[in-house]
Amino acid sequence: MPDPFFQPVSGIDSPRFAGVPTFMRLPHVELDDSRIADVDVGLVGIPFDSGTTNRPGARHGPRQLRDQSTMIRMSHPVTRTNPFELVNCADLGDVNPNPVSIEDTFERITAFYRRLASQGIRPLSFGGDHSLSFPVLQGIVDKGNPVGMIHFDAHTDLFDGYFGDFKLTHGTPFRRAVEAGVLDPERVVQIGIRGTAYGFDDIEWAEEHGVRIIRIEEFMDRGIEDVMTEARRIVGSAETYISFDIDFIDPAFAPGTGTPEIGGPDTYTAQRCVRLLDGVNIIGADVVEVSPPLDPSGATAWVGVSIAFEILCVLARSLEARKSGA
Amino acid sequence: MPDPFFQPVSGIDSPRFAGVPTFMRLPHVELDDSRIADVDVGLVGIPFDSGTTNRPGARHGPRQLRDQSTMIRMSHPVTRTNPFELVNCADLGDVNPNPVSIEDTFERITAFYRRLASQGIRPLSFGGDHSLSFPVLQGIVDKGNPVGMIHFDAHTDLFDGYFGDFKLTHGTPFRRAVEAGVLDPERVVQIGIRGTAYGFDDIEWAEEHGVRIIRIEEFMDRGIEDVMTEARRIVGSAETYISFDIDFIDPAFAPGTGTPEIGGPDTYTAQRCVRLLDGVNIIGADVVEVSPPLDPSGATAWVGVSIAFEILCVLARSLEARKSGA
Amino acid sequence: MPDPFFQPVSGIDSPRFAGVPTFMRLPHVELDDSRIADVDVGLVGIPFDSGTTNRPGARHGPRQLRDQSTMIRMSHPVTRTNPFELVNCADLGDVNPNPVSIEDTFERITAFYRRLASQGIRPLSFGGDHSLSFPVLQGIVDKGNPVGMIHFDAHTDLFDGYFGDFKLTHGTPFRRAVEAGVLDPERVVQIGIRGTAYGFDDIEWAEEHGVRIIRIEEFMDRGIEDVMTEARRIVGSAETYISFDIDFIDPAFAPGTGTPEIGGPDTYTAQRCVRLLDGVNIIGADVVEVSPPLDPSGATAWVGVSIAFEILCVLARSLEARKSGA
Amino acid sequence: MPDPFFQPVSGIDSPRFAGVPTFMRLPHVELDDSRIADVDVGLVGIPFDSGTTNRPGARHGPRQLRDQSTMIRMSHPVTRTNPFELVNCADLGDVNPNPVSIEDTFERITAFYRRLASQGIRPLSFGGDHSLSFPVLQGIVDKGNPVGMIHFDAHTDLFDGYFGDFKLTHGTPFRRAVEAGVLDPERVVQIGIRGTAYGFDDIEWAEEHGVRIIRIEEFMDRGIEDVMTEARRIVGSAETYISFDIDFIDPAFAPGTGTPEIGGPDTYTAQRCVRLLDGVNIIGADVVEVSPPLDPSGATAWVGVSIAFEILCVLARSLEARKSGA
Amino acid sequence: MPDPFFQPVSGIDSPRFAGVPTFMRLPHVELDDSRIADVDVGLVGIPFDSGTTNRPGARHGPRQLRDQSTMIRMSHPVTRTNPFELVNCADLGDVNPNPVSIEDTFERITAFYRRLASQGIRPLSFGGDHSLSFPVLQGIVDKGNPVGMIHFDAHTDLFDGYFGDFKLTHGTPFRRAVEAGVLDPERVVQIGIRGTAYGFDDIEWAEEHGVRIIRIEEFMDRGIEDVMTEARRIVGSAETYISFDIDFIDPAFAPGTGTPEIGGPDTYTAQRCVRLLDGVNIIGADVVEVSPPLDPSGATAWVGVSIAFEILCVLARSLEARKSGA
Amino acid sequence: MPDPFFQPVSGIDSPRFAGVPTFMRLPHVELDDSRIADVDVGLVGIPFDSGTTNRPGARHGPRQLRDQSTMIRMSHPVTRTNPFELVNCADLGDVNPNPVSIEDTFERITAFYRRLASQGIRPLSFGGDHSLSFPVLQGIVDKGNPVGMIHFDAHTDLFDGYFGDFKLTHGTPFRRAVEAGVLDPERVVQIGIRGTAYGFDDIEWAEEHGVRIIRIEEFMDRGIEDVMTEARRIVGSAETYISFDIDFIDPAFAPGTGTPEIGGPDTYTAQRCVRLLDGVNIIGADVVEVSPPLDPSGATAWVGVSIAFEILCVLARSLEARKSGA
C-alpha cells in the first residue's frame, strides 16, 4: 500500500513544466527530516566534476536531470509495474560539494552516504563525474566486505594516475575502490568498452585482478541476452552496485558528455540491458557524466533520467522481493 | 503527362536555398485560386500547438518544414517514381489558426478541409500538434462513414482528458475521433508505442474498442515486414488515414518534438515502414509534432519532410492506381 | 532580526550550482504549510503562456528563472541593504496552470492570489506571459478599489481583442483590468513603448482613459531621473503594482522573449529605473515574458532574476518602512 | 488610396507565425506577373555569398529575413506613417544566383535590376554578401551618370583585390562601382568604419577620390544629428543609394554576420540614423551581410528587417513626395 | 622504432584541451621544413567550400577537426596497433585556398599534392567540400595511370554540371577525375548512396562507365562483410584512393554537413567498414564535408576524426606491409 | 625594422579561416626554441579553470581565443600603429596545466613565467579562470618588490576563502598576491565592480589595505577619461600589471563567462579604457574568464581577442618607448 506522501505529482493533474523540480516529481526530504525514516530509495544529486581530466560540466548534471525528470510518468510500459507503489522514494537533495578540493568533496560524499546506509536507504545517485563512485562505495560498503558491480561505460576507469600520477580522477575510481577493499574485482563486469587507447595498462590490470571486460565488438556480436546472462552470473546473488556512465550510449543519442566515443549502443539496447538486471541484488546505483553545457537541449539528461527510471524499477522490484521474502 | 505549372523548381537550375519557400518548391495555390480545380494532392500547413500539454513550439512547424523541404528532389531513389509526374501537387498555404482558442481553431480547420474534400483534393498536412488530426478527420470524413488509420507514434493519444477533464488536447484526438464517428476503431493500428505511463486507461480503452496497439518491443521483435503486413490487413482496402507523429522516431534522429521517448526506431526503419504502405487506399495523411524551438538546426524538420515525401509517393501511386482503374 | 529559516543558502558555503533550485535559494513553503503565516513576500511562479499571440515558451520561464536565481547573492551592491534581513521571503511554488484553457487558468491564478492576499503576503510573480497580470490583479485588489501601476514594456498591452475579437491574450490584460475595476487608468504609467504598430487603437484608448504612455524616444531624451520622478508622481502614495515585461529591455540584453523590439534600453538603465521606485507603495510585482526556448543559455532569465532582485529590494524597504511607521 | 492587393496580412487577423513567409507579409509578385506594373517598391532577395573572404552564410539571409519579417507591423511608431498606404510594395522573390560563379551571378543580378529599373520600381534588396551592391548599382544606374551613396558599415569595402589580386569580393564592391562609373565618389559618405586593418590602402584610395569616411570615434563624439546632417549635405538632392551592412551595428545586437567588429553603435542609434535620411532622394537600398548560420536564433535577421522597415518608410515618403510634387 | 619527434602528445601527460591544436597532436611540419623528408603520412587540411551547391561551411572543417582530434589517443582498441609506431605522421598544415576562385584553388591544391607525391608522402586530407578530391587526385596520380577508389557517400558526385552547366562543383568531382584520366571507373565502388534524386543521369553515366554503385538498401540487406569483400575485389591490389564523405553516415550521428540524407548507417557500421579496408593498397584518403556552422558542438568533427583515425590505421599498416615486403 | 619571422599571416594573402590557429597568426615558438631569445612579448595560454567556484569552462578559453584571433589584422585603426612592427611577438603555446590539482598547476605556471621573466619577455596571457593571475604574478614579480595593477572586473576577487576556507579560488587571487608580497595594494585600482554581494568583507579588506575600488555607478557617472586619469595616477610610473576579466564587460557583449553581472559597460567603452592605458609601464597583462562552453558562437572570445589586441598595442608602445629611451 503506497504512502501518498511519497507519490510523484501526475502530469495529468499538473503539467510537467510546473513546480519546483525534484527528481521524478518526488517529495524533497532532507537527511534530518523525520520522514527520512520511511524512505526506501533515496535519489541523490552529486554536483561535482573536479575529477574530470578533459571537458568539465557534469557538476551541472543533477540540476538538468531534475528538470528533465519531471517528464517521467509513474509506470513502466513493459512490465506495467509502478516502482512508487512498491517502495517509498524521495529526492534527498544534493551532497554539498567543494569544487576546489577533490579530497574534501570525497569526504563529504562518503559521510553523506554513511548516513543513508545507516538508515537502510538504497541510493540512486545522479552525477557528476565518474570519480564519485569511489566515495559513494566507501560510504555504503563495509571495508573488507567488497561488493560486485555491473558497469556500463565506454571506458574502464581503471587507470592508475594522470598528470604526473595524481590518483583521484574520473579515470581511476574503480582501481581505487578495489584497492580500498570496497569492490571485489572478480565480481566486476564492464560492458561497452571501446574508443582509442593511451595504452593497455588498464586492460592488463583488469586481467590480472579478474575484472571481466566485455568490449563493444563482443557485445554487438553476442547479443544482449547472452551478455547480460553472463553479467548476472558474474555478480551472483550477493550485493552488487550498478554504475551507468552515460557515455556507454552512442553520442548520437547522448551527446552531452565529456569523453564521447562513437560506435556505441543505442538507447533501446541500453534500456533492454537494464531490464535484464532484474533479480540482481542491487545495493545502490549511479548515473554519471551527463554534462549539460555539452547538451543544452537536455536530450542527454532525458536519456539519463529514462535509464535511471529503468534502474529504479529493477531496484524497487529487488527490494520488494527481499522484503516479501523476509 | 505532368502539368508544368505543378512541377517543383529543380536544385540543378536554382540552388535550394533560393526563393520564397513553399512545400517541396511547389506552386502556392490559394483555395480561391482557379488552379485549385486541377490539384490532386494539397500540401497544407496547420501552425497550431495550443492543444499541447507539455512543451509548445509545433505552431512553428509548417514554416520550418517548408524551409527544409526545399532540399527535397523530385524522384524517389528506390522505386524511381516521381510523384509530381503522377499527380498535380500544390502548396495550399496554412489554415489560419487562432492560438488562443482550441475550439475556434478546430472549426477553422474542419471548414478548410471540407473545402478540400469538396474539390476532391487529398490532403497531406504538416502540423502543428497532434490534436489537429481530429478536426482534419471531421473535415474529410462523413460522420457515420468512419475511416481506418495507420498511426505511427510513441503514444496512443487515446486519453480521455487532462487537467480536470479537459477533452481537447494533443493526448486525446483519436478517442474524440472515434466518439465523433469519423474513425473506425476496429480498423485502427498504432505502431511504435512506448515510454512511461500515467496509467493504462488508454490501453484499456483501446482494447475495449478494438484498436490494435503494436508496442515497440513487438515491433522490434517481429520486424518491419511482418508488422506492416498486419497493418495493411487491419485497414484493408477501404479508405484509410495515415498519421505520422514525428516522435515515433527515436529522439536522436528527431529531437525537435515536445514529448520525446527514447528507444524508438531509426529513420531507415521509418522510411521502410512508409514504403510498405504501398497499396493502401489513402484518404489523407499528416506529419505532426515537429517543434522548431526544440531543434533550431532544422534536422527534425528535415526528417519530417523526408518522411512526408515517402508518404507523398505512396499517396500519388495510390491515387494514380485508382484513376487508372477507373 | 532575520529569521534563519527564511535565509537564502550562501554560495560561499554551498556552490551556486548545488541543490534543488528555488527562487534565490529561499525555502520552499507551500500555501498550506504552517510557516506561511510568517511570510512577508512570496515569490511565485506562473508557468503559463497560452495567452501568447505569437511565439510561445514563457510557460517554461519559472523553472529557468529559479535555476538562474541561484546565482543571486543576498545584498544589494549599491544600497548595501539585504532584503532577507528586512522581511521574510519564501518560494511559494507555482500556481498550477491549465495549458489548454485560459479561462480555467485565470480562475486558478485569482484563487491562489486571493489566498496570498488574505495572509497579507505581497507577491513577486515570475511569468509566464503577460496575460497573467490580469488574474493576479483580480486576486490581490478589491474590485472598485483600483490600484495604480508602473509598467515597463515595449508594448502597451492595451489592445481590445485578437483573431476575431478574443479578449483574453497577452496583448490585452490591462484593458481588461481597467474594465474589471482593479486598475485605475489615471494612475497608470507605461514606460519604454516602441516598435511597429498594427494601428493606434491602444494609444487612443490610453489617451481617452488617462493612461500615461512614455515612449522610448521621450524616455531617452528626458533621461531616467526625470521620467521616474514623473512616474512616482503619477502613482502617488497609494497602492501600486509593478509590472516588468522583459521585452522592455533591448533584445541584445534579453533575447529570450516572444515579441522583441529593437532599440530598447540596456540593463544598466533598467536597474536604475527600478532603484528609482524607492518609496513607492508596492502591493505586488511581476516579471514576465521570459521565454527559455528562445534563449537556452539562460542569459535572459539571469537578467529577469537580477531585475527581480532589484524589485525585491525596493519592495522589502517599502514594507519595512510601513511596518516601522505603524 | 492604398490598393488592397498590396497590403500586408495583419497579425491581428492571422498570427505572425502562419502562412508562406514573404517579406513583411506582402504579396509575392514575379517579374512576369501583370501586377508588376503597379509596384512602386520591390523587395528582392539576393541569396549569394560567394564573394565572401571569411565566413560564409549570407546566402541564407533572404530566407531568414523573410521569416523574421512576418513580425513587422504596418505603421511606424514615431512618425505614425504607414508606408503601405503611400506606395505599392511587393515581394519580387529572389534573384536566382549561381553559387559557383561570381561573374555569372553578377550578370544575373544586373539583368534582374535592369528589368526593375525599366518598370520604374525602386528596389529594397536583402543580401547576401556586400559584393552584390556592385551589380545592383550597375542594374539601376546609367553608366556615366553616377549616383551618391550613404553607406553604413564597419568596413570601407574599398579594397582593390584579395588572394593574389582577385577583384570581385565583398571587400571591393564600391571601388569597382566607382571604376565602372555608376558611383560618384565625391557624393559617397561611409559611416561607422572601425576595426583593425591590414593596412590603410582603402583609406588612402578614399582620400584620393573624395570619399568621406566618418569613423566610429568621430561618429560617437559628434553625435547622430550632426553626422547625418553632413551626410545629407554630401549626397545633396540628386539620386542616392543607401547601403546598410548589418555589421555597422555592434555584434552584441547583430551577431549573425561574417566579419563582426566590436565597439559599434546600438540599434537605437541605427534606427535614428535611418530616420534622419528623411528627404534624401533614394534610388534604391540594400541590407546585407545577415548570415543565419552565425545566428540561428534569428535575432540578427530581426534587426535587419527592423532596419529595412525604417528604410522603407523614408523611401516611401521620398517617393510619395516626388509623386505629389509632380 | 618510432621517431620521438613524430609522436603525438599524450593526454595522460597533458590534458587534451591544452596546446596549439594540430591534427591528432602531431608535430606541425611545413612543406619546406627539413623534417619533411622523414614524413610517411601527411595530414593536410583543405579549408575550401566554394564548390558547394547548397549550404556552405565546410571551409571551417579543418580547424574544427584539428580541435576535436586532440581527443584521439594513440592506439587502436581492437587491433591494438599504434599507427604512430609504424610510420612517421605529421600535420602539414593547410593548403592555402582562394575562396573566391574555384579554378585558382584547384591549381593550388594540385601543386601542393604534387610536392607531397614527389616526397613519397601519402596524404590523409581533411576537407572542405567534396570538389577537392578532383585536384587532389590530379596531384598524386599520373595522368593515364588512373587509380581505383572506394567511396563512402550518400551521393554519387557523378553529375555533369549545375546552374547552367558549370562543371566544377562538389557534385561533379569524380566525373571530372575519370575524364581527366586519373580515376579508373571500372575500379570505383560507391557505397551508401541514397536520398531523393533530380533524375538518374549520374546513375546512368556510372552504369555506362562501369562504376559500381551499392545503394543503401543493398548495403543493409547484404551486410558489411559481404559488401566490403566485393569492394576489395573491385579495387584489387593496385593503387586505390579512399574518399569518405561524412554524409555517408546518418545525420543523427553526423549532423554537421551540407546535404544530409536520412536513413544512413550508424558510426559503428562505418568504423567496421573502414577496418575492412585492411590490405587495400591505399595511395591516399580524404574525409570531407564536415561543416562546423551546421554543428557547433563539434560532434560531427569528432566522428570525422574518429573515422580518419580508422583510415590512418589501415593506411599505416598498408604502408608498413609494403616496406617490410620490400 | 620588423623581423619577418615574427609577422602575422595576412588575411589578404591567406583567408582567416586557414591554417593551424596560433594567437593572432603569429609564429609558435616553444620556450626551448632558439628564437625565444628574440621575443619581446609572449602570448601564452593558460587552459585552467579548476579554481572556479561556479560554472567551469574557461579551461577551453585559450583554444577558442586562438581560433577567433585569426580574424585580427595587424594595425590599430585609431592610432594607426602596428604593434608587430614595434616589437617581436610570438605565441609561446600553453602552460601545461593539471586539471585535478590547483597547487600543482600553480607551481607549473609560476615556473613557466619565471623562465619568461628571465628572458625579459613580457607576457600577455589568455585564461583560464582568474585564479591564474596569482601564480603569474609570482612568476614575473620579485617578492618584496610588489607591482601595481589596473584591474577591470565585475568582482573584486579579494575574498579570503570559500567552502570552508579554501584559499585558492578564482575569487581570491589578489588577496593572495598582496599577502605574498607581489602586489602593492596601494597601487591597485579595480574598475567596474558591481553585482550582488554575499557580504562586504572584500570591500572592507580593500579599504583597510588601500585598494581603490571604482564601482560601476562611479564609473558611469564620472566618465572614462576622468576615471582612467585617476587610475594612471594611482599606479604611477612604476611597473604595473593589467588584469582584464571579460566579465567587466556587460554580458550582452560577452556572454561566455562563468559569473556574469548585468549592468556593465559596452565594448566601445572597454576599448577606450584600454587605449587610455597608454603610457603605463606594463610588466604583463592577462585576459581571463572567457568560457567557450557558455558561448559556442565564439563572440565572447572575439571580444576577448579584440581587447587583447588593444592591450598589445599599448604594451608594444610602452616597451618601444622604454627601448628608445634607453
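As written, the chain order gives the labels A, B, C, D, E and F, with residue 1 at the start of each chain.
We take it that a contact is a pair of C-beta atoms (placed from the backbone, for glycine too) under 8 Å apart; a residue touches a chain by one contact, two chains touch by 3 or more.
Remember, predicted model here, so these are calculated numbers, not experimental data.
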{"item": "Neighbouring chains common to chain C and chain D, by label", "value": "B, F"}
{"item": "Over-half contact-pair match to B-D, picked out of the listed pairs A-E, C-D or A-C", "value": "A-C"}
{"item": "Distance from chain F to chain E - Cα centre to Cα centre, in angstrom", "value": "41"}
{"item": "Where chain E touches two or more other chains, by residue", "value": "13, 15, 17, 53, 55, 59-60, 98-99, 162-164, 250, 252, 266, 294, 297"}
{"item": "Graph class of chain-chain contacts, one of line, ring, star, complete, other", "value": "other"}
{"item": "Touching pairs among all chains present in the structure", "value": "A-B, A-C, A-E, A-F, B-C, B-D, B-E, C-D, C-F, D-E, D-F, E-F"}
{"item": "Of all residues in chain E, those that touch chain D in their complex", "value": "49-53, 55-57, 59-60, 98-102, 104, 162-164, 166, 168-169, 293-294"}
{"item": "Complex contacts: residues of chain F adjacent to chain E", "value": "13-15, 17-22, 28, 45, 47, 59-60, 62-63, 66-67, 91, 93-94, 96-99, 296-297"}
{"item": "Residues of chain C defined as touching chain F within the complex", "value": "10-17, 71-78, 80, 250, 252-253, 266-268, 271, 297, 299, 302-303, 306, 309"}
{"item": "Touching residues (chain side chain B, partner chain A) in the complex", "value": "53-55, 159, 162-164, 193-200, 215-217, 220, 250-252, 255, 259-264, 266, 294-295"}
